[in-house]
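Lettered A, B, C, D, E and F in written order, each chain numbered from 1.
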Amino acid sequence: MSRYGTMYGPDITFLGVDRCTLDDPGSYADADVVIIGAPFDGGTSHRPGTRFGPSAIRQACYLAHDGSRPSLALRVDALRDLRVYDAGDVEMFSGDIERSLGALESAVYAVSSSGAIPVVLGGDHSIALPDATGVARQHGHGRVSLVHFDAHADTGEIEFGSLHGHGQPMRRLIESGAVRGDRFLQIGLRGYWPGPDILSWMAEQRMRSYEMTELVARGLDPCLTEAFAIAVDECEGVFLSVDVDVVDPGMAPGTGTPEPGGLTSRQLLDAVRRVCYELPVVGVDVVEVAPPYDHADMTAYLGNRVVLEALSAIARRRRDAAGGPPWNPQQPLLDAR
Amino acid sequence: MSRYGTMYGPDITFLGVDRCTLDDPGSYADADVVIIGAPFDGGTSHRPGTRFGPSAIRQACYLAHDGSRPSLALRVDALRDLRVYDAGDVEMFSGDIERSLGALESAVYAVSSSGAIPVVLGGDHSIALPDATGVARQHGHGRVSLVHFDAHADTGEIEFGSLHGHGQPMRRLIESGAVRGDRFLQIGLRGYWPGPDILSWMAEQRMRSYEMTELVARGLDPCLTEAFAIAVDECEGVFLSVDVDVVDPGMAPGTGTPEPGGLTSRQLLDAVRRVCYELPVVGVDVVEVAPPYDHADMTAYLGNRVVLEALSAIARRRRDAAGGPPWNPQQPLLDAR
Amino acid sequence: MSRYGTMYGPDITFLGVDRCTLDDPGSYADADVVIIGAPFDGGTSHRPGTRFGPSAIRQACYLAHDGSRPSLALRVDALRDLRVYDAGDVEMFSGDIERSLGALESAVYAVSSSGAIPVVLGGDHSIALPDATGVARQHGHGRVSLVHFDAHADTGEIEFGSLHGHGQPMRRLIESGAVRGDRFLQIGLRGYWPGPDILSWMAEQRMRSYEMTELVARGLDPCLTEAFAIAVDECEGVFLSVDVDVVDPGMAPGTGTPEPGGLTSRQLLDAVRRVCYELPVVGVDVVEVAPPYDHADMTAYLGNRVVLEALSAIARRRRDAAGGPPWNPQQPLLDAR
Amino acid sequence: MSRYGTMYGPDITFLGVDRCTLDDPGSYADADVVIIGAPFDGGTSHRPGTRFGPSAIRQACYLAHDGSRPSLALRVDALRDLRVYDAGDVEMFSGDIERSLGALESAVYAVSSSGAIPVVLGGDHSIALPDATGVARQHGHGRVSLVHFDAHADTGEIEFGSLHGHGQPMRRLIESGAVRGDRFLQIGLRGYWPGPDILSWMAEQRMRSYEMTELVARGLDPCLTEAFAIAVDECEGVFLSVDVDVVDPGMAPGTGTPEPGGLTSRQLLDAVRRVCYELPVVGVDVVEVAPPYDHADMTAYLGNRVVLEALSAIARRRRDAAGGPPWNPQQPLLDAR
Amino acid sequence: MSRYGTMYGPDITFLGVDRCTLDDPGSYADADVVIIGAPFDGGTSHRPGTRFGPSAIRQACYLAHDGSRPSLALRVDALRDLRVYDAGDVEMFSGDIERSLGALESAVYAVSSSGAIPVVLGGDHSIALPDATGVARQHGHGRVSLVHFDAHADTGEIEFGSLHGHGQPMRRLIESGAVRGDRFLQIGLRGYWPGPDILSWMAEQRMRSYEMTELVARGLDPCLTEAFAIAVDECEGVFLSVDVDVVDPGMAPGTGTPEPGGLTSRQLLDAVRRVCYELPVVGVDVVEVAPPYDHADMTAYLGNRVVLEALSAIARRRRDAAGGPPWNPQQPLLDAR
Amino acid sequence: MSRYGTMYGPDITFLGVDRCTLDDPGSYADADVVIIGAPFDGGTSHRPGTRFGPSAIRQACYLAHDGSRPSLALRVDALRDLRVYDAGDVEMFSGDIERSLGALESAVYAVSSSGAIPVVLGGDHSIALPDATGVARQHGHGRVSLVHFDAHADTGEIEFGSLHGHGQPMRRLIESGAVRGDRFLQIGLRGYWPGPDILSWMAEQRMRSYEMTELVARGLDPCLTEAFAIAVDECEGVFLSVDVDVVDPGMAPGTGTPEPGGLTSRQLLDAVRRVCYELPVVGVDVVEVAPPYDHADMTAYLGNRVVLEALSAIARRRRDAAGGPPWNPQQPLLDAR
């Protein structure tokens, strides 16, 4: 059984974690988390480049790529406390979106059905369809809610003559039943898309979308708390989808459809931490990091840290569930652990 | 009657709205808003490049340039709910500031006297003099207050031997009586200019300038509320002048005289929304977007969104004035409209 | 009949020439040349971004976009001496290469069958397949030779599981019979691709490929002269395909698969001029300009000038054919014309 | 006695203040502040380039380089109210860290023993060792506390086989006794370094390190107030060390080891102001500005403003100590001074 | 008598040569060369930024700024063998072209009348009018020929309503009689400007313009030799005007109106050397270096080296004239000198 | 025996060739070539960043990283026809030049004494000292000549108080006797360094240095032929040292001490090919690729291709020596091989 490796550039793994092979379930039988690269930007409606996202996110770090990252904030070392593998990339030809999304869904499902949490590095947001579908195939259609950080609702109908693209995955997910519309939580929307027709469709699905105005007026944390309650109502698992463009493009320029007025990086990291610490996350994707538009790799660094924050919070959640004292965000760093 | 078109690059309009011709009042007789490009950087004291601001602001968007932008936050489509035209650029030779400012004033006055709101895309801040003067000629000297977002007071006396330049328009406006000093509201000042002499002159004019320290200590929103009360005292109209350098240059690098420590993009958008929703705005300019220093067009995107935010709030204000329910920033996005 | 316009950004034409509509043959019935945008990068094997090539090439010029460009060197004004229209872009969804290439072929054929020369602005080199096929459908399979400037042979078999992509169009063209292998002239190849198997296939087709070593050792001009003789042997027309990566990436960085050691910009412009002045060109494409990797638009400028050089030489060829004195490259600029 | 001048580029001074010569104490006998350039990046573990930090920080300003900077916020002109000299750079060969740090320590001590406050422009953070040691030699080992803004604790043991480098200076300072561990205040730490062993060592030293989580949960200002109380307990002086990477790299990209999730520029400026206004600062360094990774000099601008903010607050502290009314952050800018 | 210093940034001199003051002729009474900064871009028709050219050219060097530069090729140290001063910048407000050009002409005339060679660092090419006029006032109208390296003829009539701008100085010079049309030698023209009317005017003036086609067809060196013969026919002095855009923009991107297909940097340096070694140069300007569009300062480096090459060749010419052996370009570097 | 791996970023090998371990001679016992990374920039006198050169050179390629690169020009696949390993990086702390150079010398000697050709990826040019010394220790002091492509002679005495640095390795090599001065061939020098004293020392050593003037006047190829004859006179081996700054910085900006007026990339590749095809090369280094100053990785691509060109020519030389027909640069690409 051969490993596909990486589609672009040298064959590296996320910060040096061990490799596994998707076609060989034994290679990740003991995994807690399997990282999958989805180097695809064929669904991008504007600036492409997210095909290099997986490679950029995997290596955007100034520390040794040694498979260890002890979190100062959460006091766990996710890459060691969890068993994390990197399966390399799925071959995704950007010129053939249907074939590519299909290949990715198979990969995600393989990981999910092994009992591990798939963490998919995009790639454009088209991939949320196979990502969440792959997980829902394992956990049950309608049994996984979706927490979605994004500037855009991604609930478009047809664009450029195609059902698939990075503006449409959320509609496809709801239409297929993989995710219930009323368990779809969107955080950070803003700007001038979509228009009334699509918003009506979203309302009909009973989605819950937090536009930035509401987040500012009410506060991000109360909104998250409200959303979290919905997320676990009749759902056993949560899929977390992070579009890096939820952050203000002035801070995270390396993305394809920048919409000013977003969260700060700090807010996103804290929110991702809360999702993964407080909710039963069963899948994650981090999408829309577009290196050609980045500067000094800053957006790739952010993508890397979003992944680490998610993994660290998952590790901490498991440790606390096993009987440890709960995490206290006000605890001084150097207090006894 | 021929249209001048654009001074640099292809002849495009703001996100695809219809064209009009300044010399042909009939072409914008039904306008609510007329956009005017002021591609001038001859008044810049440091980094030039704002001559490309109008072109950059007009097109910095990843959506179709179709003359439609439905605001998620305000539930209006400013480019359709209002009648918006783009008059193209005024010819402004950067090597001749007096002739250029004169030409712009005529253009702004033509629009203002037609009953439409001129929205001027700069260009360096020198243009605030003809912008506000052109409006004041129509609405009456001293009858239009000025709400001015900026890192700098722009109240200099003479620079490089010239009365005109991007550090001096506000003094010229007050000296001429076009705008009353005690109806001049400045938001976001900071840094190390001007010195005591100019500050004394400003105090004598009874200007009200909110330095960042005060904004942080008291909160931006209370300060805005206070300023708004002044703005409508004995003034029937408000001119809004937004220098993009009011935002922190770490988030908006494409500008000529960057001063660290500014607002976030989110804060600026929210503040512009409040101005245009709560006050009787009769003119707008958005200045100091300097594309040569921008990265991945992020500052141009911000300038584009400032314009859209202003127009959307104006549209919403008119709708509410016509009897609609008032805008509620805490309303969930998908609640019935 | 509506015009599609442009896929990305504002709807502009090449340096301001008139618009036409592909679906309305009457709109270009008198055309000598029709420009078509092919904003597609779904076939790119590495760095994407050529979807923005058409927009960048159309506007990369510091002169007024007025539909006039008098060539100093050739003493013609191609945009006026020829009747040049811009048909806008063909809708090409980068996630669906087969549909996209099909749409482009139809567009090129429509233009070619009208009697005009199609000039296609790419886009990645995948588009050479529909470009040359569209022309060959009109002029006869095997009746159009191909002069191909490129660092790469683009004769791959299958990549990423697909028959189509920017490394394979030349093989598909020969396989289909649209272009005869022994009328395929490649200029500027270098580097480390393809391997022996593909080279053997190319030799079997009796292609004539000039690697940089041969061009340096023998001189570019003698090689061109030799190639030109082949190009018009039993072929009535010539298709010119210019991949901007034939130029050294140190001079033209905005491209996807840079291979050091190429031609200078000056060499390319002179060679394109010779092709279009000396040969009966019936179609042109200019491909692989990738704006995200460009600096200060330099590669887009080069692409723009390649188009103008081709058009100017076509115009001059026609003028000389109509009885004018032949062009003399040694003639001083200010000598009587 | 000759002045070394600057190591890279033209010999300029910080915003045009007067020169002095380190070897000639008379040249700065009346100084309140002496600026010293430390153009060294030999201790950088990742991206180099801080050797150009001193030059970049000295000149990153759009105003005349005239040795005057009246602070709007603090109503002092630090460059005039204080006697500020620039001693140029210390020669620091990046290939020889031990010799370089030694030379810098001598320079800092010379300034400190003259009674002036040394303000050192880095350079990488390795220089904090000689900076704080040089000051402690004058004020007494253990008598100077350290307020340290940074994303990283910089308390590493040995890296790349060396005791010295930009990840280790704080350990060396505590080991030598120059600074007491329990008077070491760290603000802004985050991310995934160091690991448990080093954290344990830090806890043993009774350092007080505020990770971003605690700062967000409790608020930055209360944490600063708490830290300030520690800083002046049994210490007569405070050394302020500002690593620009404490700011979010999305806002300050020009640095070597970027860690997402930091402070805003506004927060850093306000915090530096508080340190220098409320505490008896006896030395300052501003480090890790790396121009090769900067965009449009934004990080250098920030570094320049951090220096000015520190100097302005020192000047204001002295004025108030001399009997002036205390500074009021809520006072409107144009109120009587 | 006070020195104006520099208009932007710190007050530095060209590679550290001594300062002089324009208003104080005694300060440069013994000068061979006086460098003058012309930080003006108000005449730019497209991309601005040349106002930062003087500062960038002065410091673009990796060697110590010590006022010494021994040329390997010419075996002289121009900055020491000649007496070179830097007069700083002339104040040139970019918003007032007439006043600015007047101030520069006075400065150039002052230097020229002192017997020194003025070397003006631009700034956009508008400044060639005062530069050459200032020299002609001293040497006699019509007694100074002009050797002009440029992609553009710069002989426009009126642009943007103005007689002055960077596309028109050469026409103004001929119209005024300062330079004879038939002693105007232009090297490197290309592209699509100007049109037939202006070319006819140029031909009527009997200008001699070498377009790139002729230079390639005949060879650059024979063309230069031919031009040099014209330059010294009835003219005692030669003014050298180097527009950096004569070099291919792929190699020198930091300029405002880039025209692909130019010389290489090597060719320009060799040609400048020949001009200054073989002809009696009485004035020089180097223009159109636009830092905002530069990358890694490469175009500024080129501008710096053009100045040094000119000065070195002038120094060598003087040494040879004093009886030394003539310069031999084939002599090995390490042969006895 | 553990492998050090890479100092910065993920542990990759040159285009995917196999790994070996320096401390385990068995791991490269059958090697023809061993690649060694020297990620050191502590000797850089100006712009740092070459520490990232090894990583950048290893991966700068758009083709699969599969350990195969068939050369179109030379008709060999160097990575397969030769046995090439990558030993990873030598740990080189940039803050300690003496220790770092010593470690590298040991590594190079280990490879050379195994019979393989070391190919060292720099890093700054300081490393030429250990590189050539390590080879000379094996082949005999004075028995290896040096062919050195560079803009600079690198024969400085002491800089910044140090005997070692990137401006001095060639002097150290000659002083130690490792390389004979009269077997030192320098190609491409230019600019303004060094001065007469150092040139005199060089002449005394009977070095042969080809300045660009001589190369242009006589032609590059005749000069190379002349130099090659010297290189093999009483020397059995040749060390090839390629400083990427020999290429014009307009084409290769990613370097630390750019000197305009250099070779083209094409010329460098052809020259490197001739060296390795015509001479008995026993060691190679490629230095001064500085990624922070690069654009779109173009200089890294050039470095990668210089390595491949050298390896391909070595492979072809060996094949021809084994009885194959000699390489013919005029042979058409598709002629029978």
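One rule holds in what follows: a residue touches a chain if its C-beta (ideal position, glycine included) is under 8 Å from a C-beta of that chain, and two chains touch if they have at least 3 such contacts.
Going by UniProt, the chains are A, B, C, D, E, F = Agmatinase.
Every value quoted in this text rests on a predicted model; they were computed, and no experiment measured them.
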item	value
Between subunit B (Agmatinase) and subunit E (Agmatinase), the fewest steps along chains that touch one another	1
Subunit D (Agmatinase) onto subunit F (Agmatinase), rotation angle from CA fit, given as a multiple of 5 degrees	180
Farthest chain relative to subunit D (Agmatinase) (centres taken as mean CA coordinates)	C
Between subunit B (Agmatinase) and subunit D (Agmatinase), centroid-to-centroid distance (C-alpha), Å	38
Inter-centroid spacing, subunit E (Agmatinase) versus subunit D (Agmatinase) (mean Cα positions, whole Å)	44
Where subunit C (Agmatinase) and subunit D (Agmatinase) are represented by their mean Cα positions, the distance between them in whole Å	57
Sites on subunit A (Agmatinase) at which at least two other chains make contact	46-47, 248, 250-251, 264, 293, 295
Chains that touch, pairwise	A-B, A-C, A-D, A-F, B-C, B-D, B-E, C-E, C-F, D-E, D-F, E-F
Subunit E (Agmatinase) residues touching subunit C (Agmatinase) - in the complex, by the definition given at the top	45-47, 189-196, 199, 202-203, 207-214, 216-218, 248-251, 253-254, 256-262, 264, 293-295
Partner subunit B (Agmatinase), residues of subunit E (Agmatinase) touching it in the complex	7-8, 41-44, 46-49, 51-52, 91, 93-100, 126, 160-162, 164-165, 292-293
In the complex with subunit F (Agmatinase), residue positions of subunit E (Agmatinase) that touch it	62-63, 68-73, 77, 247-248, 250-252, 264-266, 269-270, 295-299, 301-302, 305, 308, 329-336
Complex interface listing, subunit A (Agmatinase) residues touching subunit F (Agmatinase)	9-13, 16, 58-59, 65
